[in-house]
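Each of the two complexes below includes chain A, the first together with chain B, the second together with chain C.
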Partner chain A sequence: MVNTRFCGSPDHGVTRRSFLSVPAIAGVSAFAANMRIMDALKNPCLAGELKRQQKSVILLWLGGGASQFETWDPKPGRPTGGPFRSIATDIPSVQISELMPKMAQRLKTTAIIRSLNTRNADHGGGTSLMETGRAVEAAIDYPDLGALIARELGRADSQVPDYVSMYSETEGRHKGGAGFLGARYAPTFLTESMIPPNIRRQESLADVDHQERADLQKLLAKRFSDKRYNASVASHGMAYERVRGIMASEKLFDINQEPQTARDFYGPTQFQEQCLIARRLVEAGVPFVKVARAWWDSHGQNFETHLELCADLDQGMSALLDDLKQRGLLDSTLVITLAEFGRTPNINASLGRDHFASAWSCTLSGCGVKGGAVYGKTDPDGHKVEEGEMKSGDLFATIFAALGIDYKKEYHVGARPIPIVDFGCKPVTEILA
Partner chain B sequence: MNLARRLSFLSLFLLSGNLIAAELVAPDFSIEKAIDHYIQARLTERQVQPAPAADDCTLVRRTSLDLQGRIPTVTETKQFVDSTDADKRVKLVDAMLASPDFAYHFRNQLDTLLMLGQNGAPGEWREYLLKSARQNRPWNLMFRDMLIGNEDDPEAKGATAFVRVRAKELDELTNDTSSIFFGVNVSCAKCHDHPLVEDWKQDHYFGMASFFQRTYVTKKNGIAEKFSGEVKFKTTKGEDKIAKLMFLTGTTIEEPVIQVSAEEKKKQDEEVKKQTQDDKAGPPPIPPFSPRTKLVEVALQSGNDQFFARAIVNRIWAMYLGRGLVHPLDQMHSGNPASHPELLEWLSRDLIQHQFDLRRLVRGIVLSQTYARSSEWNASSEPPAADIFAVALVRPLSPRQYSMSLRIASSSPEAYKPATEDWQKRRDDLERSCEGFANQFELPGENFQVGVDEALLFSNSPQFTDDYLRDSGDRLVGVIKAQPDRGAQINTAYWSALSRAPSADEVAACEQFMAKRTEPVAGLRQMVWALLTSPELRFNH
Partner chain C sequence: MTTADPTKFKVAKTARVKGIAMCVANLPGTQRLFFGSSDFKVYEIDMAAEKPQPVEFTGEGHQSYVTGAALAGNVLVTGSYDGRLIWWDIEKREPIRSVQAHGKWIRNVIASPDGKVIASVADDMLCKLWDAASGNPLQTLVEHKPMTPHHFPSMLFAVAFSPDSQLLATGDKVGHIAVWDAASGKKVSELEAPVMYTWDPKQRRHSIGGIRSLAFTADGKQVAAGGIGTIGNIDHLDGPSRVEIFDWAAKTRVHEISDTKFKGLVEQIVFPKSGNWFVCAGGDNGGFASFYDSQTGKVVHQDKVPMHVHKFVLNDTQDTLFAAGHDQIAVVEFKAVPAAPAETPATAS
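For the complex of A and B:
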């Protein structure tokens, strides 16, 4: 990574890399790295940096591709509009689909983007594009949004996972990953079980033994690590140092820890429960949580499908936003509702809508977002973008800007500079607070 | 880089070997001697005192991991350490190169290099690589097998998977071929002339792509070439251009003009279409002109072959020394010179003169003093820059190396007997049985980091406890629990897991730990756990 300095002052020659991740000076032991962080805390400029690091992202992923017509960009009365009406919202000039009545009363928290033109209407390609913000390239394995956020907002000594991805349904299930950023930022991926793998101590081993054998390992490892000036060796020590903390975070994943009132507030479906888990994780300092809700791929019976799924989304999303707000977390948590693409204006013979990436919608809520804003416009039938066309990279730049991350920063893969967002992409300031 | 330096480097880089040869040390130097000569010259120039030679325990472990793909057994380690033969290192290396282990491990390294760690290549691909590793098939012939391919040739069968798995993505085929075989990552030059590297233009990228443009996969899952077709691209100035067949040196190939009637052309196109759709079609027709064959010819022709030789020398060097002479490995261009240009030149010339014999190159590298240095930096000064090779670089084990090493480390020291006759079969079994566990680890790339998932796996997975820490007689825990005293137990565990004796401090730490355990066998399992999860086992050092 380039020498991005905190607050731009040349007086602070500490790079984010030396501060945040495996120390740039290869081989500084885990202990020394922690000391470095302690030192850094005394620096007022760095303290501001830390505050930024407490920001989080929750991505509500609508796997299969939700319809913009039945959610954020309705076209009632048009040949492409389908049977549902649009309804008034808490923002006078804005209407959304009647399938989202609760969100209609909460648009003050949320900005709608109606002008995505991402050009890839294939599930695999679209998913990859919207997960990484760029087209697949043979020579580079790009990290996904979760890994980028974990890298930018995660803490080296974090006691919780950096990136949790919940994907219970099978449609479009895709782990994503850290690409060139490395395994440190790979997701804790939850599919069948909501408890992360290997987080629970085996019953045959007493807690004290678990702790003391780790202490022995650390003691014995020290002799080896101390004289080897190597960042990979240091990362080994840090990974083991994090084990006990991560294990202690198991209860974060346990929804039974929540009172019944909170569970009722979110609702009983799997998606709604996972929204509640997401809030628990964010509250504990997890920088990125993805909750996937699949089966939106409505090639047939689009309207019945959306009647059911939008109810789930509307309830889960609005409960999440309300809860984050009540807890004072909405200002520091960005909630993104996104899919790999939208759905066609044309309604096919099976009353379905097919894949469509030329003019579709997503939303951003909370941290850094100008609530109530609507950006971009499609034509009256929703065939194409008329104003404010955005690519996936523009969306990523906007997300980074909302979180206070420099969207112009670069990583380096070998000698090659890799900008954090794709070339030529920039944030849409109109929807930023 | 200033112009003068750039020009002098270009001349070194691009001119044919003769001019430089005069400046290089004699070709009849042994490889190891040439390596140490050039590496020492730089150390002297920089006034750096290198780390001392690694001790015997470390050296035999390192060499075994590199040549056999696994840690040595306790017997192998002690045999080397106890030997007083002045020539014992040469004998060790030659024995390991001749062992069944070497072919398996070298196969795995080639597989990682060529398929970039992706699964999905057919079994016959790995069979091809294994056979080639066993026979020490020359690298230029392997290149030919992989790029041109002849599935009827028993020596080459399986090799075309290299092209086949990439044939649907022209970019991937172009870029991977350039990067792997020539050390040149041309991907940036697709959209514009390379911004950092003056050597590479869009013409190079599309010129390389042209060699693959006609390649297609038949319905029967073979590879074939069309009769015609060219790459068209738009330059950054907006001009439409038809790419020439152009190798990275700028050498272009003119395709002989063959007049084909419209009717014939139609017939050819139909035949190709049939090949892609009909799994009962006969063998695909062979066009008179094959761009892929031309690529192999032009790349291996004298003068151009330095490109090909340098790239593999650099990659093999990095496999054993932890960093390329040119680094990153796919950035071999005039703006990114080698740390030791003369050494790279010498080794490339040597490789060409010895018919691309990779095993010979590997042998020379591991016999050098440079390879055998300690990885500990004890001096009070800052550790030296990695590119002068003053101290051995620590390298993460590959998933397979790690999995097999854990298996050996956690087993009874008597469980594996490499010197016995049926070792080939047992090694084969070991390879297979360790594959599943290996798949749980990430393939180390540049700036490798151990993730917390790995630490959690070792800390809490029942699989690890129930298997690797089992106390049956065939396992390390089972063996040491039957030993009479604590000292012997600790000693056995150290030799088995870390290929060395414990220090007095370590014995004391383990004794103190064990003294607090209420259940002795459970305590031994915890102690062995602390050794098996050590960074000292996780890395080659």
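For the complex of A and C:
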């Protein structure tokens, strides 16, 4: 058997299986502080792998398309700029919209990308493009970012979900999916409730009975697989083994477990509460959490809409970054703001802005990111990208690079190699730490 | 002197302007208009000219959209999203004084009919009264809540004086209206028009609407509020234009006009000094003007205006309105046909 080595040194050769077999690693999932893990960390390659595996992503999805003018790329005083001013930030050379005053004081943790040109200004097409990092292809069902991260950063023995998507019953909600990676990496999808449905043990079944059933299933499955091992059987058994852990994760979704001071710190809106849940989830080891805050599709009354939604975003995002930082999690958690597109420079007769994918913005904060960096530049009125044009695939490559994931990696669908990011795309190193 | 006949509605003249004309004032007896724009500037335009051309005011002006303009005698006062009020000499087209009046966007500026007081409303949820001549502050009216019930910043869009300058009304995003004694600053009534505020709790999780316009009837006994009715899809201004008229002393709603012929916001309402009608205007992506019978609330006449109307003003003979809107200024006339000579049989109207 050929070992897959984590680094060049034979001394540090280790297989993924042997890595996962380290007894302590089974306990890493939720709260990584015990001495056996400390022992494992003495092996530099194991430590590197563990570090990579402890990374998480929180995607703040601004469904409907937030305006770059009213957030990250203001154009005050220009005909397209709207009425809002730009304000100074904690990075002397960078200004953002006055609607983001709290984030203006937290740009040292955040890189702004102002040069997305994704060419698809349709909600459905744009969402698919920005969720998967590439255009729809009939022959291949591509996984979305959450599934890719779950695949790359999730642990086989994890007792918590690998991919949680909170998208309440708002317009444009989209479950996303694992595509060719398979259902193992599909999201736990929350719409009506902030607690996953059907997660609780049936009241008619005692916990001890449930445990005994699980033990019996495990025993029978082991006997079966010992004689007839194949990947499907192993996967089936693994899914059963995760059940009790995932059932036990219900409390992670319950913000009533948090002190009122923590809840006040985040704020009272649904989005702000979901940001708090996202922190709880990554703290417990969930590698990918999507918090969708819809709906920014401000064809009418763009400015009033952004007065409301930016206040929500600014409070929720800044609280999330502060909380992650205070808990020592920000260096290992990448927080992304992204949408399917931005909004038009032109202001229509309803004082709205329409769909626009030619020159828009997103942000990356925390893990692997050079805080305070601004990448790309749009023209004075925001009609087009002047410098540093980025496609969705370039953004995905940058996200993977920030997390230490090899962006040149390939999967195989049948015999066909599928690169993890679209052909020709590469990370923007200027915003990587 | 002509008398008004809303059924004779016609768009008499338009002039293209840079940006979005957000507010307008008219020098009585003339077609000289003063308007504020989304390009942060204040302009004069004489719509009596063959080819009206905007002339820019000079000096240190506003730093954001200019959203309120009121004439008090020969002094123009403008207000802006920058929170400043600026007094202008309209002949020199230069500023006289500038006041940092509000902490947030100024949504409207009006002058009392007697020309003595300026009122401004802003998203700091304050209505402030100013001495029109000196610019000194007179009153600060505190009533409207800074946050909506759904934890978002509220907005204070509308303000109106009664014809005798004694009363003032203010209206906010969630449909709350306060009526004030202007001299004492005491609240004398409060009214609710919650249908003007659409909160989408499920699909979009934000709000739209609000009371965008207020006007007292000629006798001052009733106050009308304008806005937009309940909207299904709040991405757009796709709801009925809406006017509610209240007996403010009795706190009862007299009329409730929900009009789907022309959708969008009712941005301004004006009751003429005389006559049994009132006019409102606004729009969605297009513009409209609607005349209603002030006794019955029934439609007298409705028509398109070439653009979304942000504000308008009636001329002193009450038969022409000057509208400021998206990229245009429009003159809309509704003049009665002059009475025929005695020997000619009268035509029905």
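By definition in this document, the second predicted complex is superposed on the first by the 386 of 433 C-alpha atoms of A that agree within 3 Å, B and C clash if a C-alpha of one lies under 4 Å from a C-alpha of the other, contacts with A are read in each partner's own complex, and residues count from 1 in each chain.
The rule we apply is simple: contacts are C-beta pairs under 8 Å (C-beta built on N, C-alpha and C of every residue); 3 or more make two chains touch, one makes a residue touch a chain.
Small disclaimer: the values here were computed from a predicted structure and weren't measured.
K.L.:
Looking at the overlay, what does A:G424 touch: chain B (first), chain C (second), both, or neither?
P.N.:
So A:G424 meets neither chain B nor chain C here.
K.L.:
Between chain B (first) and chain C (second), which does A:F224 come into contact with in this model arrangement: first, second, both, or neither?
P.N.:
First partner only.
K.L.:
Just checking: does A:E171 make contact with chain B only, chain C only, both, or neither of them? Give me first, second, both or neither.
P.N.:
It touches chain C, and chain B stays clear.
K.L.:
Using the touch criterion from the header, give the chain among chain B and chain C with more contacted residues in chain A.
P.N.:
Of chain B and chain C, B contacts more residues of chain A.
K.L.:
Using the touch definition from the top, say if A:A294 reaches chain B (first), chain C (second), both or neither.
P.N.:
second
K.L.:
Tell me the contact category for A:T269 with respect to chain B and chain C: first, second, both or neither.
P.N.:
second
K.L.:
Check the residue A:R213 against both partner chains and state whether it touches chain B (first), chain C (second), both, or neither.
P.N.:
first
K.L.:
Can you tell me which positions in chain C touch chain A when the two form their complex?
P.N.:
Those in contact with chain A are residues 18-20, 38-40, 63-65, 81-82, 105, 123, 150-153, 155, 202-208, 234-238, 264, 283-287, 307-308, 325-326.
K.L.:
Could you pull out which chain A residues touch chain B in their complex?
P.N.:
22, 26-27, 137-140, 161, 180, 182-184, 186, 188, 196-202, 204-205, 209-210, 212-214, 216-217, 219-221, 223-225, 227-233, 235-240, 242-243, 246-247, 413-416
K.L.:
For the complex, give me every residue of chain A touching chain C.
P.N.:
64, 77, 79, 83-85, 168-171, 267-271, 293-295, 297-301, 304-305, 307-309, 311-312, 347-352
K.L.:
Contact residues on chain B for chain A in the complex?
P.N.:
169, 171-172, 174-176, 179, 185, 187-188, 196, 327-328, 330-331, 336, 375-378, 383, 393-394, 396, 442, 444-457, 459-462, 465, 503, 505-506, 509-510, 513, 516-517, 522, 526-527, 529-531, 533-536, 538-539, 541
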